[in-house]
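Note that subunit A is present in both complexes that follow, paired respectively with subunit B and with subunit C.
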Partner chain A sequence: MKRLRFAERLVQVGFVAAVLLAWQIATTRGHLSPLFLPPLVSVYRDFVSLLASGKFWPDLRTTLYELALGFVIAAVAGTVIGYAVSRSGYSVKIFDPLFAGLYAIPAILLFPLYVLFFGIGPGSKIAMGATIAFFPVVLSTIAGLSYVNRSYVTAARSMGASPPQMFWSVMLPAALPVLLTGLRMGLILAFLSILGTETISSFSGLGHRIVELGENLDTSNMFAYILFVIAIALLLNAGLSFAEARWKEPPA
Partner chain B sequence: MTQTTPAIRVEGVTRAYGAEGDRLRVVALEDTSLSVARGELLALIGPSGCGKSTLLNLMGGLAEPASGQVWIDGERIRAPLPRKVAFVFQETALFPWRTVLENLKLGMAFQGVPKEQRYSRARESLNAVGLADFADHYPAQLSGGMKQRAQLARALALQTDILLMDEPFAALDEQTRMVLGEDLSVLLARTGKTIVFVTHSLIEAVFLADRVAVFTARPGRIKTIIPVNEPHPRSRSFMTSEKLSRLRNQIYELLHDEIRRTIADSPTLDTSAAKPLYTLRDPQK
Partner chain C sequence: MTCAEIHPAALRVVIIAATLLVWEFAARRFGDPLFISPPSRVAAALFGLAHQREILAAVGLTCWELIVAFVFSVVIGLAVGLIVGLSRFTRGSLYPVILLFYAVPQATILPLFVLAFGIGPASKIAFGVSHGIFPVILTVVAGARNIEPVLITTARSMGANRRQILTSVIFPHMVPSFFTGLRLGMTAVLFGVLLAELYVSQSGVGHFTTEFTQTFQPQNLFALIAVLAAIAVTLNELCRWAESRFTRWHA
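Coming up: the complex of A and B.
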């Protein structure tokens, strides 16, 4: 990410502050029903009490459990299948367009089927997350491994690299930047789809809680939860970006 | 193996891209034979696409000829011989995710050098190419000239008898390559290696080599071999000598018509459009 100058940062913060201020003014001085948009102050109060009480734990645990399992399934299946496909130019030619085509299908349409297969509990969310995260992982694994710069491979071969050395010391590190991008995309997509499917039909989870609060017209608390999910998403993304930067590029 | 066994012997080697009868078929190298004596420095020079690099890859076992044979130390080769032959490539073939030192160590790991020897050998060859202070830099942090020095150091650390260099200085500016050429001459004279290098530079060829093999335009063959007869290491005064410019002019005369032919032919001949008839062996198999 490009570093912002102080003045630019100031404008950015000022913009967000202005939006929040407008929110507060509109909800206290205006004629907006608090059912649609609760006052900022009340959202803040609910958010603080949500964090302090720790009552988010059961829902967070469900969602993170679904995410972890769904992502691990997608990551393992995606890298293993991607590796297998990348081994020959022929199978890349066959499978790469196939996966790319399937990726374009709105996988969310499978959700009713998954509910039928795996129930309303975490099972269907895990399956959904895994399905959606699989494609960016497998596609980036194929792309990363099959387009490794030939000169690295030729050089390693001339120095006598064995097949395992070629994979672990040349192919994998060369493909890693692309691979990591695929994994990051996969994790984010899995998180989105799990939250989304939780709002459709579920027993628990952050998405479930938000819908429930909405249905109870507890808009202020709902916003507090939305804020909470945003915070989680930001944390996830920051963690991944850090990992990516750490493993990806050598200093230029 | 006797003293008279050449370090490299190439016999009747042909290599083509594209299938027989294909309109786009290109014969890169045709019926070429050549011997390189131990400790000799041979330069390959010729118009673009004349098969110089192809010949180098065949000598190192990175490619297989359609017909003909290549012998290293009297042993026929069909695959790379990392213990006998090291390469320096045209483009930077350093692994960008490793530091210079780690690049050298990885090369030695591939070749099978025991772990405890790698560090000292890497240090030694970094000193030899004058990169001792850049051991912990990543390739992206080095200039073009330093990258090629690092690649040379990686090849030297393998301690092979034979060094094959494919236009090692092609991407460098003229001043850098002249200085590198002088350093190389001193360094290589000391190591006593057998060296074959491909170059586009007439001066570089004469300045460094014991013999200069001049290629014809496609299909590539060796047109003439010009002996240089000048002791190593070559000094800077040789660079400006009458002898060097006379040899340079002689080679230029030989090349001139070939280069004209290449330029006239080139619109219809594009090797990149044709599929290689024999590709480099798939490393993953």
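Coming up: the complex of A and C.
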């Protein structure tokens, strides 16, 4: 078993090493234009200088600002509306399919409208992130709150729980795992769509910077920024997993 | 309690109709015609667009890209998923590598797709495939992993050889999760292809959305988006139908 784990690691490391080696050889020995794929070494150099110089801050700030605002709007609207809908089984029957149906429309299609309404600046990206994150949040809030085990509710009520007690001590803890999954999905979708819409049309932000470097054929720097965004995405993912693992622990 | 007598679906229709009515009146009364159009004018614009050959061609091309990207995603995703999922060794070694690739936000490398494949359909198809293969791979691997060992042991004890186990036990068992993968893959392909379409503003649908935005023709913009949304919902529903059709037998 232990030897198997070692062999698996070997294949993983070997695979990544082979890709990097092929990249370096193709760009230095091959006939690949550096405008298309820059040498690995120069990407690394640009990446290090990008981190050292801190010139990523303005773009990172814009993107994170858009993400934070869009996500907060979606999280608040999604949980409040989801809570309101989940209050009665009848309204769940009305609204749950409605939200699920709207969710089937790719929200990215609304982006041209948002550009028209909110302009090419951060406003349209915030609206896009909020729209795309709203649906997983609202759907998981409805799902989480309306499928709480009835016997918990009956037990709490027979022990004389007041409505606020019922919400904070019974409904919310029971629904939390599903709710957190929805929030996590919403945050990731918002991040991806904000990067995507910055790529489509924008003045600032990480997505915009990458396109701009690409259009100026500064591909080495562009790859450095792509690496930077990937690192941010991995950090975001790791942070979410950590938060989820902590929050999902049943209160002892 | 009187409202409980109305069927939820009927009330849903009423809510949608009411929303459209409010939109109609609000847009006519308060809306700036340069930015927002009432639904009636959007519907009228729909017929106008239907007579413009370039727009029909752009929408048709987008449909074509969506379908081709979906087919590629399914074929490649299934192949990779089977290779990774069917043996414990490849699963242990290659699955983390695939998750690593999945964690890359593809939107950031969209310019690379355009550099490599040009502004035509090829770059949009490739970008759509880059989104679509991951859900297919992940669900195929998950389907191959979740087979109860007792089923395989039983088949083996009844004298099935490896091939028979594969075709009679493992593949049928993977069908439900495969169709879930198709549905998730379609959602991802829609995101990828439409994002790339909107990004490339020199041609295709992105050209018209940019033009309608810049020349303040909201009725045409709304109509074009409504058409694309209808196409997307149809494709999504087809996948959802296939999923429920082929997973029904599975408990």
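Everything below uses one rule, namely that the second predicted complex is superposed on the first by the 238 of 252 C-alpha atoms of A that agree within 3 Å, B and C clash if a C-alpha of one lies under 4 Å from a C-alpha of the other, contacts with A are read in each partner's own complex, and residues count from 1 in each chain.
Heads up, the rule we're going with is that contacts are C-beta pairs under 8 Å (C-beta built on N, C-alpha and C of every residue); 3 or more make two chains touch, one makes a residue touch a chain.
This is a predicted model, so every value here is computed, not measured.
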Task: Partner, of subunit C and subunit B, that touches more residues belonging to subunit A - done: C
Open item on the list: In the overlaid three-chain picture, which partner chain does A:Ile200 touch, first (subunit B) or second (subunit C), both, or neither?
Closed with: second
Open item on the list: Quick one: is A:Phe111 in contact with subunit B, with subunit C, with both, or with neither? Answer first, second, both or neither.
Closed with: second
Open item on the list: Between subunit B and subunit C, whom does A:Ala174 touch in the aligned arrangement: first, second, both, or neither?
Closed with: first
Open item on the list: According to the stated criteria, A:Arg61 is in contact with first (subunit B), second (subunit C), both, or neither; which is it?
Closed with: neither
- [ ] Using the superposition on chain A described above, determine whether A:Ala155 touches subunit B (first), subunit C (second), both, or neither.
- [x] first
- [ ] Quick one: classify A:Pro163 as touching subunit B (first), subunit C (second), both or neither.
- [x] first
- [ ] Would you please give the residues of subunit A that touch subunit B in one complex and also touch subunit C in the other complex?
- [x] none
Task: Residues on subunit A engaged by subunit C in the complex (per definition of touch) - done: 4-5, 7-12, 15-16, 35-36, 90, 93-94, 97-98, 101, 104-106, 108-113, 115-117, 191-193, 195-196, 199-201, 206-207, 210-211, 214-215, 222, 225-226, 229-230, 233-234, 237
Task: Residues of subunit A that touch subunit B when the two form their complex - done: 87, 150-163, 165-167, 169-171, 173-174, 176, 250-252
Task: Residues of subunit C that touch subunit A when the two form their complex - done: 3-4, 8-9, 11-12, 15-16, 35-36, 88-89, 92-94, 96-97, 103-105, 107-112, 115-116, 187, 190-191, 194-195, 198-199, 201, 209-210, 212-213, 216, 218, 221-222, 225, 228-229, 232-233, 236-237
Task: Contact footprint of subunit A on subunit B as seen in their complex - done: 60, 62, 80, 82-83, 85-87, 89, 91-93, 95-99, 106-107, 109-112, 138, 140-141, 158, 280, 283-285
